[in-house]
Each structure stands twice: as C-alpha cells, then as structure tokens.
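Chain IDs A, B, C and D follow the sequence of writing; residue 1 opens each chain.
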C-alpha cells in the first residue's frame, strides 16, 4: 500500500475546510498519522437534541470521521463502508474529543476502533465506542 | 407496556422543533405509529462532505433518528443504546427519506431496522441500511 | 459480476458436506439462488448452553452461514468480513430456520440481512436478526 | 450492582462444563475477574470450514462467550443482547485465545470489547475484533 499518498494532518485540515458539514459542526482534526486520528469538537447548542445533550447522531458522526481519517493515514483516500457506535453516556460537556485507531489494514479494507469522550469541568468521560470498516478507493 | 404514553406524529413533530440539531438539518418526521417511523430530509449543501455527497455521518443520524422514533411509537420515551449503519451508495439526491421499523420490543429494549433512500430525478435509491438497539426510559 | 460462477443449492450442499463444523451442527442448506439463501437446523442437545437453549454463538453461526450463502448466490466465492447479530428470543425449538437476503452487491462487497427463527409446536418465532458484510474472493 | 454475586473463574469453569456446546468445542475459560475474561480453544478439525480454517461462526462464538463472561465478572448472571465481529484473518492456528473487556457497565447493560487471536508456531495473530451488548438478568 506504500505507493498511495496517505493522509496527513495538513491534508486533512484542508479536507475538513472543504467539507461543509464537518466544518459547520466545528470539528477540528488534531492528529492523523500512523493509523491514529484524533479530533476535537467544542460544544455548541446547534448540535444538541431536546434534552440539551449533543445528539447521538453527532457522536456517531465523530466516530465515523475519526475512523475514516485513521484509515486514511494508512491507505490514503477512503470511503466508509459501515460504522457502528454504542452510546455509553449522554453527550454532556464543553468539548468532545474522539480517537480512532486502525486495528487491521489490507488492500481491501481497514478495520478501525474509536472512542468518543466528553470533557466537562476538567473530567474526561467516555461517551461512545465504535467500530468501522473503511475502504481504500 | 400499554401504560406509558407512546410517541405520535404530533408529539414527534414538537420534539423535532425542540431538538436544535435535528431542526437545523431540516429533517422532518412524516410518520410515527405502530412501530414504524418515517422522515424526509431535503438536500442542502451544509450537509455534504468534500465530494459534495451528504456526509455519511448525516446518513447515520437519519438512521438513528428514525429508529428511535419507531421505537418511541411502541414504548414511549427512549434513548439509543447503539446504532449501526452500512453505507451502500453515495448520498446524492434532492431529498432523502428514511424508514425505521421495530422488529422486536420488550420492556428492556427495542430492536429496529432502518433504510435510508435518496430521491434523485424521480428515482429512489437505497443509500444505507441500519440496525439499532433502543432503550425505553 | 456475471463472469464468475455463482453458488447454487447443489454446489452449497456439497460445500456443507465438506465443511466439518457446519456438517457437525446438522445445518442443511435448503435454498440458494437470486440473492437469497435459507437453511434449517434440527435441535440437538450438543448445541445448547447451560439453560438448555441453543447457544447464541450457534445462532450467530446460522446468521453468518446464511448470509455468506446468499452473497455467494450472487457473486460466487466469498469470505465474511463481518457479521452482527441481535439475539431477540431464547433459542428454544425443535428446529431452527434462517434466511439471508442480499440488500446490495457490488464488485467489492455484498451487504446482507438475515433472520433466524425457531419452530416450536407449529409456531415460528423470531430468534435473531443479523447483518453481514461479505466479500467476493 | 454490588449485591449480586458476580461470576468468578471457578464458577465459570462449572458453567462451561454444564454448557454442552461450549464444552464440545473444547473452549476453556482461563480468566474471569474485574471486567476481564479470557479463554483458550485448541484447534480441532471439527471446528473448521471447507478450506480447513476454523469457521467464522466459531470465532464469533468465542467473541460472544468471552464478552458475556467479562460482563458476568462485573454484574453476575447475564444474557447477550447482541454481538458483532469483524473477521480480520483466517482462523489458522494450533490454538485460539480470546479476551473480552468491559468498557462500560450499568444496571441496564454492559458494553464489551473483545479480541480473538490465533497462535501458530509461537506467533500470535489477531483473527477478529468484536463488540457486544450484554444484559444483566
């Protein structure tokens, strides 16, 4: 897989700016190398559901993004085949961070694990765990 | 489970209005009864990724919403424990519709299947299939 | 995908005989064409867990098998990339049947839905629902 | 959750002996405490599919078992609501080991991650990764 250009932090920061939805959420990629990607998302009210928590669909989106980026750091351009997320705690916090890590990559697909955390008053709480299958394109 | 008030179309339309993220997306609930919920989402550029397709995280959000609503039509207030989505085609279309259907409900949890379709020039194309586990609260 | 020989009922019945685990369980393929596969499994005590129900891992195996076979009826030789199963009722019955149906197939992967049912005293009960991603090889 | 008796290695070894399917496979629990469970399974031909690899359904069964046991070490008696497994490498080896670890537990459900490895000529290779939702009963 070494012949394909892989994603880097610089490249992904450009991609995020060119991605209207990701950019609108305020999601920022903070790491992308060696099969690991990380992001942060500041809380904003527009991301919440009717109880005031960040919507589970947004948490899943973070998991999807960080998984695709982790895969892209190994295999270059990718598309998500599937992602799955367990919502473990309500999305309450001033900021959310997510980390995706490639578990296995080959020419056909990349398996990724992810975690999403909420930061609230200096505490970091696990909000979701996810898995994804990402395809090189 | 008959003693709990279940969700109806009227109730959910109020919930959507009170849910900043769902409301922002433009997502509209169009059916909610008897274990089935349906929604529509008009395309807007703010929902896309860098190739101009609706972001997979938004597709997953539709699957999550419609699954939770289908469950709520049977058991009342709910929270999503997990959802899983397979992205089968790019999110290209003027409008997206999603349908969730309860497969099994008991006091502890509700299993739901969902499909998301894109409408483009009069054609309906399957974009995603999903499953979810929804908890009565 | 038309150039690859696809699986048929005859072929799969030979494959099952050549598959020691599937053969040991007593699992029998009863349909395999047009993106649909079905199987039956008579109850036997060796398949149970400590409460006397058929083990959830065996139910998942049925889901995996029938999903791979449904895919093989469309694309020929396959391997399972992932499968996911929701266990909806205890595995109680004289016989189990499962059905897998291809939702979407392309050159890279096949998405399949499956259901597993228990037959008990003339009643058919849904025991599990599953999804799988199957790869052409 | 402290009032319920939790599973221990001793208890689970008895449960395995009383579980015809698990016992037939040769699967042996080797650790069960503090939210972690581990097992080993020696290769035998009866567990294979038609290419001679251990059947993916058996790999999924290992993931299911070790996940349920990890949960039982925290909350006592359990039942599996769902499990999901990504098959990352063929099941080739003299022995298989699996490890499940509780990510989050509450009164309603327990989220578990698992890995399955093959041991072959002194090498340990990742064969599968899984997640499961386990319910206290």
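The working rule: a contact is a pair of C-beta atoms (placed from the backbone, for glycine too) under 8 Å apart; a residue touches a chain by one contact, two chains touch by 3 or more.
Please read all numbers here as calculations on a predicted model, not as lab measurements.
Undergrad: Compared with chain D, which chain's mean CA position is the farthest off?
TA: B
Undergrad: For the pairs A-C and C-D, output the one whose chains share more C-beta pairs in contact.
TA: C-D
Undergrad: Just to confirm, which listed pair, B-D, B-C or C-D, duplicates the contacts seen in A-B for more than half of them?
TA: C-D
Undergrad: From the C-alpha centre of chain A to that of chain D, how far is it in Å?
TA: Chain A and chain D have C-alpha centres separated by 28 Å.
Undergrad: As a quick test, compute the distance in whole Å between the mean CA positions of chain A and chain C.
TA: 33
Undergrad: So the centre of each chain is just the mean of its C-alpha atoms; given that, what is the distance between chain C and chain D in Å?
TA: Here the centre of chain D sits 21 Å away from the centre of chain C.
Undergrad: Counting only residues that touch at least 2 other chains, which ones in chain D make the list?
TA: 81-82, 84, 86, 133
Undergrad: Could you pull out which chain D residues touch chain A in their complex?
TA: Residues 84, 86, 88-89, 103-104, 111, 113, 126, 129, 131, 133 of chain D touch chain A in their complex.
Undergrad: What residues on chain D touch chain C, complex-wise?
TA: 15, 18-22, 24, 45-50, 54-58, 60-62, 64-65, 79-87
Undergrad: Show which residues of chain D lie in contact with chain B when the two form their complex.
TA: The touching residues are 81-82, 84, 108-109, 133, 135.
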